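So, here come the structures, one by one.
In the two assemblies presented below, chain A is common to both, partnered first by chain B and then by chain C.
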Partner chain A sequence: MTLLDFARGPAMQWALIIFTIGIFWRLVGTVLLYRRRDFSQPRRKSGLPDGARAIVMRSVLPPELEHNIVFQHVTGYLWHIGYFVTVLFLGTHIPFFKSLLGFGWPHLPNAIVMIAAAVSLAVLVMLLVRRMLHPVLQKISTSDDYISVIVTILPLITGLISYANIGFIKETNLALHILSVELLLLWFPFGKLMHLFMTFPSRYQVGAAFGRRGVKA
Partner chain B sequence: MSEQAAVLGKFEEYIAHLGERAPAQQGSDDERLARAKQAFRAGLDGAMAIDLECCIHCGMCAEACHFYESTQQGKYAPIHKLAPLRRFYHRELGPLRWLFRLFTRDISLKELGEWQEFVYNSCTMCARCDMICPMGIQISPMVGVMRSGLAAAELVPRALAAGTLEQKQQGTVFGTGAAELVKTVDTLRQQGLVVNLDKDTADIMLLSTAMDVNVYTRSLAGMVKIMNGLGVDWTLRSAAFEATNFGMLSGDREAEEAATRRIIDEALACGAKTIIIPECGHAYAELRWEAANIHGQPLPFEVVAISEFLGRELQAGRLKLKSSAIKQRVTYHDPCKMGRLGGVLDEPRALLDALGVELTEMESHGATNYCCGGGGGVMLIEGAAMLRQRAFEIKMRQVDDTGADAVVTTCDSCRTTFITGAQNANWHTSVESLVELVAENLED
Partner chain C sequence: MSNSMTLAEILERRGVSRRGFLKFSAGIASLMAMPPSMIPRIAAALENARRPSLIYLSFQECTGCTESLTRSHAPTLEGLIFEAISLDYHHTLQAAAGYGAEAARLQAMEENAGSYLVAVDGSVPLADPGYSTIAGVSNVDMLRETAEGAAAIIAIGTCASFGGIPHANPNPTGAVPISDIVKDKPIINVSGCPPIPTVITGVLAQYLTFGKLPELDDLGRPKAFFGQTIHDRCYRRPFYEKGQYAETFDDEGARKGWCLFRLGCKGPVTYNACATLKWNAGTSFPIESGHGCLGCSEPNFWDKGSFYDSLSATQWGSPANLGAAALAGAAIGAGSAMLARRQQKKAQEKQS
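The block that comes next holds the complex of A and B.
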């Protein structure tokens, strides 16, 4: 079995199994925890509208809050959008999703995707450096922050190397890229990357909690 | 300002020595740590778990915090204030606890002691950070859980510990109980006011505070005058007039519940349909949102802030104000527990509008208002004086930018923080009580 066979075969299968079970375990384990009942009289009936509003509007803050975090917002959007464009719209990625999901979608031109990947990588590296230097981030960062950013960056680096076919032979480059993606999948349920799934219930909660007090959050 | 400052002088002297009455620590370190963990376990629930699971450590919460903004010290980042609680959660309650126990250390009493500065001195639980978090994490209620853990471990700042012990053991606040209330009531009666003290039954049970009884007596007199003017059936009960809740501020759940139950029982005894909270932000938060949970079922009466009540009466046409009594440009400071955390946002502004003042809003007002720096008991913590002043300077700048001649608010703690902060900074903008303004401008 070649390295590429291993990466495409058992490594991918196990990575996907641990990714799926891990996410399920963490989501269910969190949701099943006891929730306190609130007997206070709500100012107005809340719930779905306030929660749904917060899911959307938490991305569009009032100016008096936004002006302190413009940098974080812009860089955050840049790398996330670049990353998802790369993952979802590179021509060579679509067949993988088609084999996994049973359906595919049109891809973007390689040049555009590579620009997106490069921007995403550059911003992630910049944010990693910022994490090491900023007084707040120095205080609150844990090993999870560094592991998560490294496993997020690695597929970009190996992907760009594979695309440009630098260094190793083509199959080895591709195998390393696939293995780096598997590393990301393996780490995903254990670290902060889980926010991809947790953000929505959390935003819903803040909207509903403030909503029952008559405040838009 | 000087008149208000003079009145406050005696009170400040009392506060300065409050910590001397703090209880001595009891129990071994192991026992205290175990009690802290038990309090953490009791305070956390599934909603908080979701919040704790989705933090990405972005640090944006710091950018909404007046303590971080005014000092630029990373240790004051709101999420950092939860670090021991987060680790406790991940090690003891979270779905990956078996993994976290392998790679993270347990919390220690020493660490909790170090966090006293973060959850008391540098956090007013104002919840501004809750409004900015991109994940939607509500940090302020979890600071409350942190405080309950530190209280269980006897790590409360001395002034708050002393106040909590006094209220728990003697039922008084700042040495003020029924006897002191009666004295103040006698003074008000000598001024010609009719004070319905200890009526057997009444539709409305009015609360007051030790601050109002001793310092801001004009506010108490104002409430009495307004109630009488409206012709409502009200009473002030000497057995449970105190709205201040030291247990809530310190995190001592037993003391918090006892003080709240006392008010609930008295309201039930006199058949009140409404409890009116005086100008006290944390008392509103406690009685409006927590009392029913302490009662274990919905309350059979409503709880309203005095400003909220007056706003409603104004809207119903029963409260009539002289619309041109004051010719000032003012700005309104939303007490965090009433505004952002209480939803009392429109009523105070409606009252100011009816008073005919020119209201100019601060850049951050309403749901994004900056705390004055003294809420959550920080006003009383001696070791927090410098931090409090730094945070207050943000508020001063916000007020100055409006060009207002006066700040109006409706919370004793905010008012006191403004007065002392202004004294320290030699700042000359006056701070006014909304209730006093209304009472002084009732239409005959």
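The block that comes next holds the complex of A and C.
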């Protein structure tokens, strides 16, 4: 079995199995956690408007913090959008999702996706370096912060190398790219990357809970 | 034809002009990525080369490799060069059969001990030697006996090189490649299902020219022909770079000749010379005919999933596996939540 066969076959199967177990563990475990009953009189019939509003409002730059977090805000959006464009719209990625989900979607020209990938990678590396050098960030960063950024960066680096076909031979480059994605899948449920599944439900929950008490989230 | 005749004498007798012969030499130099300055040396070496004895064994195979070789758009120079080899035994092609044929093999081995070449197509069954026999001799015994006095062995085709289709899961005959049995002789793997005829003749020409075997890659294949992937030299490569793919075999992309990656083309991970040497007198190769590369010159190509699954498509197992994983994850989540609730309750009871 070649490295590519291993990456495409058993390694992917186990990575997906562990990823699925981890995701369901975290989601079900969180949903079933004990919550104190709220005995206050609900101000609204439904939590939906406040929950939805919180999702939107927490996604835009709050005016009162505009000067403090504008850098993180912009760079955060930049690399996230670049990353999702790369993952979801590269022509050679669609067959992966099609094989997994049973359906695919149109892709973007490679030139656009490669620019998105390069921007995403540059910003991620910059943020990682900043985290390592910034005196405050140094103190508040945990191993999860570093591991999560590194496993997110690796598929971009290996993907660009595989696309450019430099370094190793093509199948080794491709195998390393797939293995790096599997590393991301393995770490995903157990670190802060889980925010992909948690962010919007938790924003909704906070908005709905505050709205019930008549407070803007 | 006498084995003592030089190649130049044989070609002259067959009416091949000097100009034609030099063209062939230039072709060989080009194929093997050699500089033009090597052409006179190749020509001189070929002219003076004696006909080496070649014993061609066919084991567990479909005769596709021999078909490929014999249909090398004869009469070409490559064909003549092949005839110029003293093909002393090839039980598919030879008229003789039975003991007479075997006697020819044994005689060639005796007369050319230590200097003859052995070409083998097909894999060797080990589960039961009776699965494939020639004149009552099992393939494994015949291979060991014939290889003993050989200068080198050329494994022709993917079956002889890597086990090929007989070796595919569940490998009922216990098929193995030549390299699993012969350990003490140089082996050149000329893989492909079938291999390109020009590659076979090119390897023989190199042996005639330099008296030694070509430089091989890590799978024992001549680098001159297997040094690059199909993808590296594919004329559709610009479409891959731009992200323009045919999605089906009859869509607009297919009609425009776009990249076949998403239709399962294995060109990016397949090392062979199809995109440059092509087939049928240089007419075309599978991708040029609108079908993706199957990766037939690579080990275990038959067991790597569907030919029509893209390299990006994952072999992710079954939905049942992921369903079971989801249930297991949910159970662990429910269990941990219950545990947390119990601890919270205890803490609250303590406080109250």
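Here is the rule we use: the second predicted complex is superposed on the first by the 207 of 217 C-alpha atoms of A that agree within 3 Å, B and C clash if a C-alpha of one lies under 4 Å from a C-alpha of the other, contacts with A are read in each partner's own complex, and residues count from 1 in each chain.
Following the convention adopted for this analysis, a contact is a pair of C-beta atoms (placed from the backbone, for glycine too) under 8 Å apart; a residue touches a chain by one contact, two chains touch by 3 or more.
In this text, all values refer to a predicted model and were calculated from it rather than measured experimentally.
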Simultaneous placement of chain C and chain B on chain A, clash or fit: fit
Dominant contact partner of chain A by residue count, chain C or chain B: B
Contacts of A:Ser59 with chain B and chain C, given as first, second, both or neither: first
Touching partner for A:Ser202 - first (chain B), second (chain C), both, neither: first
Touched partner set for A:Trp25, first chain B, second chain C, both or neither: both
First (chain B), second (chain C), both or neither touched by A:Arg213: first
Partner chain in contact with A:Lys139 - chain B first, chain C second, else both or neither: first
Touched partner set for A:Asn110, first chain B, second chain C, both or neither: second
Arrangement angle, chain B at one end, chain C at the other, chain A at the vertex (C-alpha, nearest 10°): 170
Chain B versus chain C as contact partner of A:Leu100, first or second or both or neither: second
Chain B versus chain C as contact partner of A:Leu154, first or second or both or neither: neither
Chain B versus chain C as contact partner of A:Tyr34, first or second or both or neither: both
Overlay on chain A, chain C to chain B nearest C-alpha distance, Å: 5
Footprint overlap on chain A, where chain B in one structure and chain C in the other make contact: 25-26, 28-34
Chain A residues touching chain B - in the complex, by the definition given at the top: 25-26, 28-41, 43, 54, 58-59, 61-62, 64-65, 68-69, 72, 76, 134-145, 190, 192, 194-195, 198-199, 201-207, 209-210, 213-217
Contact footprint of chain A on chain B as seen in their complex: 45-47, 49-51, 53-60, 62-64, 68-69, 72-75, 77, 79-80, 83, 93-96, 99, 103, 130-138, 288-293, 295-299, 302, 339-343, 345, 363-364, 367-368
Touching residues (chain side chain A, partner chain C) in the complex: 1-2, 4-5, 8-9, 12-13, 16-18, 20-34, 90-96, 98-100, 107-111, 113, 170-171, 174, 178
Footprint of chain A on chain C - complex, ascending: 229, 231, 241-245, 261-262, 268-269, 299-300, 304, 309-317, 321-322, 325-330, 332-334, 336-338, 340-341, 344-345
